[in-house]
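The same chain A turns up in both complexes below, where it pairs with chain B and then with chain C.
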Partner chain A sequence: MDKLIAVLIDGVIYSSWLFTAAIGLTLIYGVMKILNLTHGSFYALGAYMAASVTGALLAKGMEPMLSYAVLFGSALLVALVLAPLIERGILKHMYAKDEVVIMLITYALFLMFEDIIKLVWGVNPYFIAEPYGLLGSIEFGSLIYPTYNLILIGVALAAGLGLAYTLMRTRVGKLLLTVIHDPEVSRALGINVGRFYLVTFTFGSLLAAIGGAFTAPTLSVVPAMGVEIIVLSFAVVVIGGLGSLPGAAVGAIIVGLVRSASIHYAPQFELFVIYLVMAMVLTFRPRGLFSIAEARKI
Partner chain B sequence: MLKMTKVATAVASAFLAAVPLANAQEPAPVKIGVVSFLSGPAAGPFGVPARNAAEITIEMLNAGKVPKPFDQKGLGGAKIEMALLDEAGSTTVQVTEFRNLVQRTGVDLVVGYISSGNCLAIAPVAEELKKLTVFFDCGTPRIFEDASYKYVFRTSPTSTMDSVGAALYVKAVKPNAKSYGGINQNYAWGQDSWGDFDASMQQLMPGSKVTTSQMPKLFAGQFGAEISALLTSKSEVIHSSFWNGDLEAFILQAGPRGLFKNSSVILTTGETAMYKLAKQIPDGTIIGARGPFGVFAPASDLNTWYRETFADRYAVPPNYAAYQMTQAILGVKAAWEKAQAANGGQRPTPEQVIAAFEGINYSGPAGEVKMALGKGHQAIMETAYGMTKVVNGQMTVTNVKRFPADQVNPPEGVKSTDWIKNGFKK
Partner chain C sequence: MTRDRTPLILLATLAVILVGGFFLPQWAKFLLTIALAKGLVVLGLLPLMRTGLVSFGHALYYCLGAYAGGAVGIVFGISDLLLMMLAGGIAGGLLSLLLGFLLARYRGIFFGLLSLAFSMILYGLLVKSESLGSTDGFNIVPFTLFGVRPDGEWVRYTMLAVAAVVCTLAGLGVHRYLGTPLGLMAPAIRDNEIRVEYMGGSARYAIHVIYVIGATLAGMAGALVGAAVGHIDPEMSYWTQSGEFVFIAILAGTGSVVAPFLGSIIFGVIHSVAFDLSPNTWQLVLGTSLLLIILFLPTGLWSLFGRRLRARG
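Our next item is the complex of A and B:
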C-alpha cells in the first residue's frame, strides 16, 4: 500500500515539475511555431538567479519565509529582461525563415547561454537548501515529503489553470487563439501579432524560469542543468501534442506516473519507459494525443 | 715544469668555470597535457579541484618547494609546462582532443581523465600514438583487466577497492544488517560500483538480502521517486556511488525525507560534498574518498604541506580529486627521476620513463602507492571509510576504519569480479 501511495505522490510531484517547464515550451510552439531550445537556458538561468540572489539575501539576514517571493522575483527578473531582448533583437527578424532555421537559432542561443552562465556564475555548484525544509514535512505512512512539494504542485496548477482561463475566458485569450489559428488573417483584422509574439515568448520563458527557480532549492545548481529539462519537456509535449495545453498536462501526468511506477516496481526500466510511452503514442497518433487537425492552406 | 703546472691550472680553471655555465643552461621543458572537467556538472566538485591541484603542484615543483623526496626542481631539473584541456563533451570529442594534444600541441605526456568512459576510449589511442598517458581519477577496473597497455598508467585505485572497502566497513559497523539497497548512476561507474558492492556483501554477509537497486540516469538531478523507493524498501544499509551534482542533489533531497535516519547510508565519494554540505549531511553518514585521500590521508610532512599550501591558495582543503591529480604528477616525477638516475643523469627517453614507472612504489600526500596490478601499470592503495560528525560547526569523520591495500584489491592477473566471487582468495 505504501508503494502505491508513493507511486501516486511521486508521480504527481514529478508531473508538476515537468508540466511547469513543458507548458511554456508548448505555448511558444502553439503561438509562434518555434521549437524553442532556449527554453532550457531560461530554466537554468531561473535556477542560477534564484540560488544566487536568495542565497545572498539569506546570508544578509533576510527573513527565510520571504525566500519564496525572492525565488519568484528572480524568475521574473530573468524572463522580463532577457526574453524581450531575444524576441525583439533576434527572433523577430527570423519569422519569415523556415521553422528548422529558427530552431537552430534557438539552439545556438542555448549554447551561448551555457557559456554565459559559466562566465557569470562559474562552474561551482550553488545551493539554497533553506526554502526546501522551511515548511516542515507531511507524513504518509512510512513516507515523509517536504511540504515544499505542495508549492511545486501549486505553481503547476496556477500556471495551467491561469493559462487556460486566459485563453478561454478573456478577450486577450480569444485574440491569441485567433493568432494561433491564422496570423495572417489576424493581421488583416488589425491584431498586433508582433506584440502577441513578444508577450507569448516572454510569458513562456517566464514559466521555464519559474520552473528552474522553484526547483533550485531541491538540487545542486550546476552547469548544463538546462539540457535534461529540454529533453524531458520535449517528451512531454510530443506525447501530448505540440502546441496543446491539455496535451502538455496529460503528457506530464503520463510521464510522471509511468516513471514513478517503474522506479517502484521495475527500476531497471526507468530510463527506457518514458521513451517507450513516447514511441507508442507516436506510433498510433503521430502528432500526439491532443493534436489539432490543421486546415490545409491553398 | 712550472710552465706546465700553470697551463694545467689554467685548463682546470677553464673547465671549472665552464661547469657552472653548463649547469646554468636550462634543460628543455617537459610539456604535460592536463585533462580535467572544466565545465559541466563534474567541474565543480571534481574537475576544478583537480585542475587547481595540477596548477599548484606543477608551480611548486618548478620552484623546488615540494618537500622531500620531491624537492628537486621540475622533472629531474627540467621545468614543467602545463597544457590544459577540458574533459567535457562526448567521448568522441575527447578522443579527437587527445589526438590534437599529442599531435598538434606536442605534449611529452598526458595526465588526466575523470570519466571511466573517457579512460576506456583514450587508452587504445594513447597506445596507438605511443604517448605516455597517466589516468588520475577514473575508476573502472576494466582498463587493465580487459587489455594490456605499455603507454598507459593509472595511479589511483579502481572502483573495486571502493566497493569492497564499503562492504568491509558495513560488516564492521553493522554486522547484523539483513538488508541493503542501492542508488547508483546508470553507466559504467555506477553499475560496476553496485555490482562489486553487492557481490562483496554476499561474500562478507551471506545472510543479507538486496531490497532495491535504483539506477537513475547520470545527471538526472531529481530523485524524489527513487528516495521513496528506498524508504519503502526499509533497507538497513543504502549504498551509493553518486558523484558530482547528483550526489549533492541526493543529499539535499534525501535529508529532509528522513532517509539518513531510517538507514545507514554509505556514500563512497561523500568526501567531495562534506565541506559544501556540512549542514545537510546528517551525523552518522558513512563516507569514503575513493582511497586514503582528503580527510582520510595519513599524517606526514608531505600531507601537511599539501593541505596547507592548497588551502592557502584556494581557500578550501583539497578533496580526493585534487589528491589524485597531485599523486599522478608525483608518480610521473618519481618515475622520471628514477629513469634519469639510471640514464646517468641525462634526460630519459619516454621508453626509459615507462620502464621506470612499471611497478614503482612511491609515497604521495595520501601515503604509499604501489603500481602492483596490470603488469605494473595500475596502482593499489589502502582505503578508509568513516562516519560524519559535525563538531563546533566543522564537519569531521569519526569511527574511521582503514583497510590495507592487499585486503581491498585483487591479486595481479585476477579479475576483480572473479576475485570477489571466489571469496577474496589471494
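Our next item is the complex of A and C:
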C-alpha cells in the first residue's frame, strides 16, 4: 500500500515538474508552429542562472527565504533578455520556411547555447541545496517528502491555470486564439501578429527557464540538462497533442505516473516506457490524444 | 542530355582513397574511415530527404547495426568485417521493414517525432540491459577479413579500404536507384503527394522502400564504426546522434550521392579542428555553420558545385 501511495505522490511531483518544463513548448508550437529545440537551452540557462545567482547571494548573507524570489527573478532575466533577441534577430525572418527547416534552425541555436553555457559557467556542476531543505518536510504515513515539492506543484498549477485563464477569459487571449486560427485573417483584421509571436516566444521560453530555475535546487546543475529535457518534453507534448494546453497536462500526468510506477515496480524499464507510450500514442492517435482532425491540403 | 559523371567521380575517388590512404598517418586513416561510415548513413538519408522527410531517429539503425555486428562476433565468434556489416545491414533492414509499415504513413514533423520515439526506445532498453553492458556498452572482437587478421600496421588501412569499397558500391547503388521510376518519385512526393497518387504512384510504397534502404545502409555503417572503434555503447542511439546525421545531410545537400561523403568528411574536419582548438566551443562552431548553411545555402554545399556545372554546361 505504501508503495502505491509513493507511486502516486512521486508521480504527481514528477508530473508537475514535467508540465512546467513542457508547457512552453506546446504554447510556442500552438501559436507559431515551431517545434522549438531552444526550449532545452532555456531550461538549462534558467537552471544555471538560478543556481549561480542564488548561490552567490546566499553566500553574501541574503535572507534564505528570499531565494525563491531570486529563482524566479533569474528565470525572468534569462528569458526576457535572450528570447526577444532570438525571435527578433533570427526566427522572425524564417516564418516563411518549412516547419522542419525552422526546427533545424532551433537545433542550430540549441547547439550554440550548449557551448555558450559551458563558456559562461564552466563544466563543473553547480549545487544550491538551501531552497530545497529550507521548508522542512511533510510526512505521509511512513513516507517523508521535502515541502519544496509543494512549490513545484504550485508553480505547475499557476502556470497552467494562468495560461488557461489568459486564453479563455481575457481580450489578449481571445486575440491570440484568432492568431492561432488564422494568422493572415488576423493580420487583415488589424491584429499585430508579429508582436503576438514575439510575446508568445518570450513567454514560452520564460516557462522553460522557470522550469529549469525551480529544478535547480533539487539536483546538481550539469551541462547535459538541456539535452535530456528536450526529448522528455517532446514525449509529453506529443502524447497530449502538439499545441494543446489540456493535452500537455494529460501528457505530463501520463508520463509522470508511468515513470514513477516503473521506478517503483520495474526500474529497468524507466526510460523505455516513456518512449514506448509516446510511440503508442503516435501510432494510434498520430496527432496526440487531444487533437482535432486536420484537412489534407492540396 | 549531359553525360552522367557521378559513377566516374565515385570510382575515381575510390582509387584516390585506396592509393592515397596508404600514405596517410594512422589517425587520419581512422578519421577518414569514421567519416566514410557516417557518410554511408547520410547516403541512406538522402533519398528520404528528397521526399521531404527528416528522420530525427536514424541513429536507431546505426546503433542496432553496431550491436548486431558486435553480437555476431561475441555469440557466434564471427569476426569477419564483411559478415559483421552484413549482420548490421540485415538487422537494420528487417526492423525498418516492420516499422516502415507504420512510418510510411507519417509526414512532416510527425515522421521525425515518431522515428525519434523509436530510437529513444532502443536507447532506453540498452541503457538498462546489464547483459549488454548498460551505459558502458561492450568491446567488439578484433575484426578479420576473409579469415585473416591484418598486421598491426595494416589494420587501419584495411578498415579504410573496406569502408571505401562499400561506400562506393552503396553510392553507385543509390545513384542507380534514384534514376529508377520509384526513385524519381521522391522529389515528386515532396512537391505534391496527392498529384503523385493521381498519376497512379503510391507514395507510401515509395517511402517504405526508401526507408528500408536508408536503414540497411545505417545498420552496415553502425557495424563498421563498431568494428573500427572496437567499442559500442547506447549513446549511438541517442537523439543527438540522429541530429548529427541530419546536420551532415543538411551540410551536404541532396544534390548527388557524392555529397553525403563530402559533407561527412567536411563535418569530420570541422569537428576535429574545432575540437582540437578549443574543446568547449566545437558545438558553437557546428551550430553557427548549420545556421549559415540553412540561411545562405539551403540546398547544401553541393549546390556550389551544381551551380558551377550548370554555368559551364
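By our rule, the second predicted complex is superposed on the first by the 294 of 298 C-alpha atoms of A that agree within 3 Å, B and C clash if a C-alpha of one lies under 4 Å from a C-alpha of the other, contacts with A are read in each partner's own complex, and residues count from 1 in each chain.
Simple rule for what comes next: a contact is a pair of C-beta atoms (placed from the backbone, for glycine too) under 8 Å apart; a residue touches a chain by one contact, two chains touch by 3 or more.
In this text, all values refer to a predicted model and were calculated from it rather than measured experimentally.
Asker: Overlay done on chain A, so just call it for chain B and chain C: clash or fit.
Answerer: They clash.
Asker: Give one of first, second, both or neither to describe whether A:F272 is in contact with chain B, with chain C, with both, or with none.
Answerer: second
Asker: Given the touch rule stated above, what does A:K118 touch, chain B (first), chain C (second), both, or neither?
Answerer: Once the two structures are laid over each other on A, A:K118 reaches both partners.
Asker: Kindly classify A:F127 by the partners it touches after superposition: chain B alone (first), chain C alone (second), both, or neither?
Answerer: first
Asker: For A:H39, using the defined touch cut-off, is the partner it touches chain B, chain C, both, or neither? Pick first, second, both or neither.
Answerer: neither
Asker: Touch test for A:K3: chain B only (first), chain C only (second), both, or neither?
Answerer: First partner only, chain B.
Asker: Determine, under the contact definition given at the top, whether A:V222 touches first (chain B), second (chain C), both, or neither.
Answerer: A:V222 sits against chain B, while chain C stays out of touch.
Asker: Following superposition on the C-alpha atoms of chain A, which segment of chain C from the set 74-82, 128-136 or 200-208 overlaps chain B?
Answerer: Answer for the clashing stretch of chain C: 128-136.
Asker: Do chain B and chain C land on any of the same chain A residues, and which?
Answerer: Touching chain B and chain C on chain A: residues 118, 123, 227, 267-268, 270-271.
Asker: Okay, in this complex, where on chain A does chain C touch?
Answerer: 35, 90, 98-101, 103-105, 107-116, 118-119, 123, 227, 230-231, 234-235, 238, 242, 267-276, 278-279, 282-283, 286-287, 296, 298
Asker: Touching chain A in the complex: which residues of chain C?
Answerer: Counting only chain C, the residues touching chain A are 52, 54, 102, 105-106, 108-110, 112-114, 116-118, 120-121, 123-125, 127-129, 192, 194, 239-240, 243, 246-247, 250, 280-284, 286-288, 290-291, 294, 298.
Asker: List the residues on chain B that touch chain A in their complex, please.
Answerer: Residues of chain B touching chain A: 38-41, 43-45, 47-48, 186, 212-217, 219-222, 224-226, 228-229, 231-232, 234, 244-245, 248-249, 252-253, 255-258, 276-277, 279-280.
Asker: Which of the residues in chain A come into contact with chain B in the complex?
Answerer: Contact set of chain A toward chain B: 2-3, 6-7, 9-11, 13-14, 17, 118, 123-125, 127, 129, 132-133, 137, 142-146, 149, 215, 217-220, 222-225, 227-228, 259-260, 263-264, 267-268, 270-271.
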